[in-house]
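Each structure below appears as structure tokens.
Consider the two complexes below, in which subunit A is the common component and subunit B and subunit C are the respective partners.
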Partner chain A sequence: MNTIIIKNTILLFAFGAFSIAAMADDKSGPAKAAEDIAKYREMISDGNPAEFDEMRGEELWKKPGGPNNVSLEKCDLGKGAGVVKGVYAELPRYFPDTQRVQDLESRLLTCMTTLQGIPEKDITAKPFGSDNYQPAIESLVAYVVGQSKGIQMNVSLKHPKEKEAYEIGKRVFVYRAGPYDFACSTCHSQDDLRIRMQDLPNFNNKKSAQSAYVSWPAYRVSQGLFRSFQWRINDCLRQQRFPEPKYASDVTIALTMFMAKSANGAAYAGPGLKR
Partner chain B sequence: MIADNVMGKFKMNTKGFFGVVMSLILAFLAAPAQAAGKSDAQLDAEAVAVIKRDFRDKGIAKVDRLNQDEVQAQCTKYLDKPPRKIRDRLQAEQQKAIKWPSDGKYMGDWKAGEKLAQSGKGMTWSDKPEDPAGGNCYNCHQLSIKEIAYGTIGPSLMHFGRFRGTSEESMRYAYGFIYNAKAYNLCANMPRFGHMGILSEAQIKDLVALLLDPESPVNKD
Partner chain C sequence: MGNPMKIRASVKEGVTEVKVLMQHEMETGLRKDAEGKLVPAWHITEVKAQYNGRTVLEGQLGTAVSKNPYLVFRFKGGKPGEKVSVNWVDNKGDTRTDEAEIS
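Our next item is the complex of A and B:
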């Protein structure tokens, strides 16, 4: 725990130093700032704090737990019981046992409830980390996605339910509603847009969609926390001024399917590192 | 005899037969666009059903926010490019619903406007009901030359007043556009700050001043 705190502190200082350097530099402006952030990312690319989450996740995967006191090593994430290598590059996918298309978090939820016997609401009540709280499911995500690093994204739409999830996701993506009239597509369907200094990926552009998708889940330096893909979608919808999507619900999985499919062909590069 | 009959029937029905073949070809071509044999209309309905089912109230953000008004529904349906007839009708309706300032004045205080433009707060489930919403302007627009952390979803508004001046027409346009951008451009990305009750009349006036007052940092470098 202490190492994580120390590492976070160092990272925040490094980030702060860069921001100050960016402001003091006479070559200021958005382009310069983006360049500095890229430099900073490169500098710490061989030491992503998400590694601590991956380690904790691996332990949680292998250690017996829950009321049934069993490990998750019998959990089938799509490539057979216990297989973690490369599974994330093929998710979401259709699972015959649940008869649902599931993303990683929805599937981990299935395994934790059915194998370990943990009540679902114990997990879904607080599925995202905060300052002094790190849910098991988030660390498990870090571990599993790390096992797909370098593997080409290969999400299938062969099963009719997979195709259906994709088609629904595509429609949810353009659904305008709420007090601001926003859809996902309001911010994510044109090249090179920003909110303030934050670059926005364009999911109508293959390259942009790929680089965005393969860099999540990620460690968020400004928050000092590892963040899952369900968190990413949840916080997007918060800023879209929508109500809250239910954790691991079909609407979130459909959106994930739409984005994951757009990323096919790119090498998975997570866990990522974000500002 | 039988063969003749069949041939005769076939000749008589050539048109019908051709029609059947054509519709089979068309159905085949359309098939890849469908999932599980579901039509586009079925998928549209299912997407809405999933949206209505899978969200819940959180803080001030209630699920009734997912019910689209006609502007939102048509812009979704036509991917922000509605047919002219629909566009003109709805824009006129939105225009009619604009509540113009009761005192006939459009400009407030640009200093308050700049503060408002800087704030990206408001209307999320993490905002408290008593927290006032910001204008969110710099999230999407360049305004004052001094602020380099501006977004690019909307056009740059730097020096906006230098081009527009402070004529009655100019002020009315700026006020109306901030009040309801959809009255001018039906599927604009910009929220309807007055129409949706995000900002008050006085706040919109402050933003008009930020845009048009010659003393505002938008116009005076």
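Our next item is the complex of A and C:
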């Protein structure tokens, strides 16, 4: 009698395990959603409207502008004056002329103010796009990052200031604050977390950090706009209910440095396309 | 005149695949701006694709289509080097035509 009960229990367990395995195979939940989003991305990957921003950015790069009426073709983004190819894969980096670690936006800001003579506040007052408004700096970002497509991310920490920025970024990433007591790491340090339909990258996981970083900046279909990395950070901090960061400030650059370094070794794939 | 389109066309086994990315605001006319005023409707109403003077696709777009519409279609025939042209008309009467070589 006892053996029969035991046998039945074993059978029941076996059946239970089988049905769990079967459930894991049945893609109806988040796995299916992620797969569908990936399929959707593939379908529209040939038609990324960020291309229009790249075209506009190239024009803005080459056209004389600002009070000094000069183009940005003398702008040094890290690989010498006027070099655009591959620069984004090595940003942020330390620039001896400004004695700062700079990301792409901050460097463009330097060039636009020093070369073209545009007052900084004219650019930083409204640095992000909205309906029928796409600031020059955003399109310039689209053009420059597009010129690094396929190039391996290679951010250096050789200079002490670069190392310092990285260490600060790493600490800011886990710094909890604000009314919700949130840190970047609250959402971005575990696998398989989502906000609604969006998978959240885990920056403790090399692969996840790489695929996230190389797909930004990106065109957001839901907003109908191209978005720079400064925007990405600004909006993450807004969702955390942090005070709004100053455009291209040292702390945003430090955060970018931390994330860019985590992506080293992966081929840059932007401008990306996001839902 | 509207902004340029991006058109890519390639032929494979006698079927030409055309990918068109249009630049257009595609305002529905239902959205309000920051002051609470309705943003007037402004969208593509008609799309027409031609190959060798023959219409291979004709359709109507409306308010349900997103900003910067992306359209993919296939037709039988087409040879490398020949041209496909795409034209759209919007509800303000604006129009744009671009063409691409089949590869």
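What we mean here is this: the second predicted complex is superposed on the first by the 246 of 275 C-alpha atoms of A that agree within 3 Å, B and C clash if a C-alpha of one lies under 4 Å from a C-alpha of the other, contacts with A are read in each partner's own complex, and residues count from 1 in each chain.
Here is the rule we use: a contact is a pair of C-beta atoms (placed from the backbone, for glycine too) under 8 Å apart; a residue touches a chain by one contact, two chains touch by 3 or more.
Just so you know, these numbers come straight off a predicted model, no measurement behind them.
S.K.: Clash or fit: what happens to subunit B and subunit C when subunit A is overlaid?
M.R.: Fit: subunit B and subunit C sit side by side once superposed on subunit A.
S.K.: When the two structures are laid over each other on chain A, which of subunit B and subunit C touches more residues of subunit A?
M.R.: Touching more of subunit A: B.
S.K.: Looking at the overlay, what does A:194 touch: subunit B (first), subunit C (second), both, or neither?
M.R.: In the superposition, A:194 touches subunit B alone.
S.K.: Please work out whether A:272 is in contact with subunit B alone, subunit C alone, both, or neither, and reply first, second, both or neither.
M.R.: neither
S.K.: Let me test your reading of the model: by the given contact rule, A:129 touches which partner, first (subunit B), second (subunit C), both or neither?
M.R.: Neither partner.
S.K.: According to the stated criteria, A:164 is in contact with first (subunit B), second (subunit C), both, or neither; which is it?
M.R.: A:164 sits against subunit B, while subunit C stays out of touch.
S.K.: Going by the contact rule set out at the top, does A:78 touch subunit B (first), subunit C (second), both, or neither?
M.R.: A:78: touches no partner chain.
S.K.: Once both structures are aligned on chain A, how many angstrom separate the closest C-alpha atoms of subunit B and subunit C?
M.R.: 13
S.K.: Across the two complexes, find the residues of subunit A that touch subunit B and also touch subunit C.
M.R.: none
S.K.: Given the complex with subunit B, which residues does subunit A contribute to the contact?
M.R.: Listed in rising order, the residues of subunit A that touch subunit B are 28-30, 33, 160-161, 163-164, 166-168, 171-172, 174-183, 185-187, 192-198, 200, 238-239, 241-246, 249-252, 254.
S.K.: Note which residues of subunit B are touching subunit A in the complex, please.
M.R.: 35-38, 43-44, 46-48, 50-51, 53-58, 61-63, 65-68, 71-72, 75-76, 79, 120, 123-126, 138-140, 148-153, 182, 189, 191-192, 196-198
S.K.: Which residues, counting only subunit A, touch subunit C once they are in their complex?
M.R.: These residues of subunit A touch subunit C: 44, 46-49, 51-52, 131-132, 221, 224.
S.K.: Across the complex, what residues on subunit C touch subunit A?
M.R.: For this pair, the touching residues of subunit C are 3, 6, 8, 19-21, 23, 25, 33, 39, 66-68, 70, 72.
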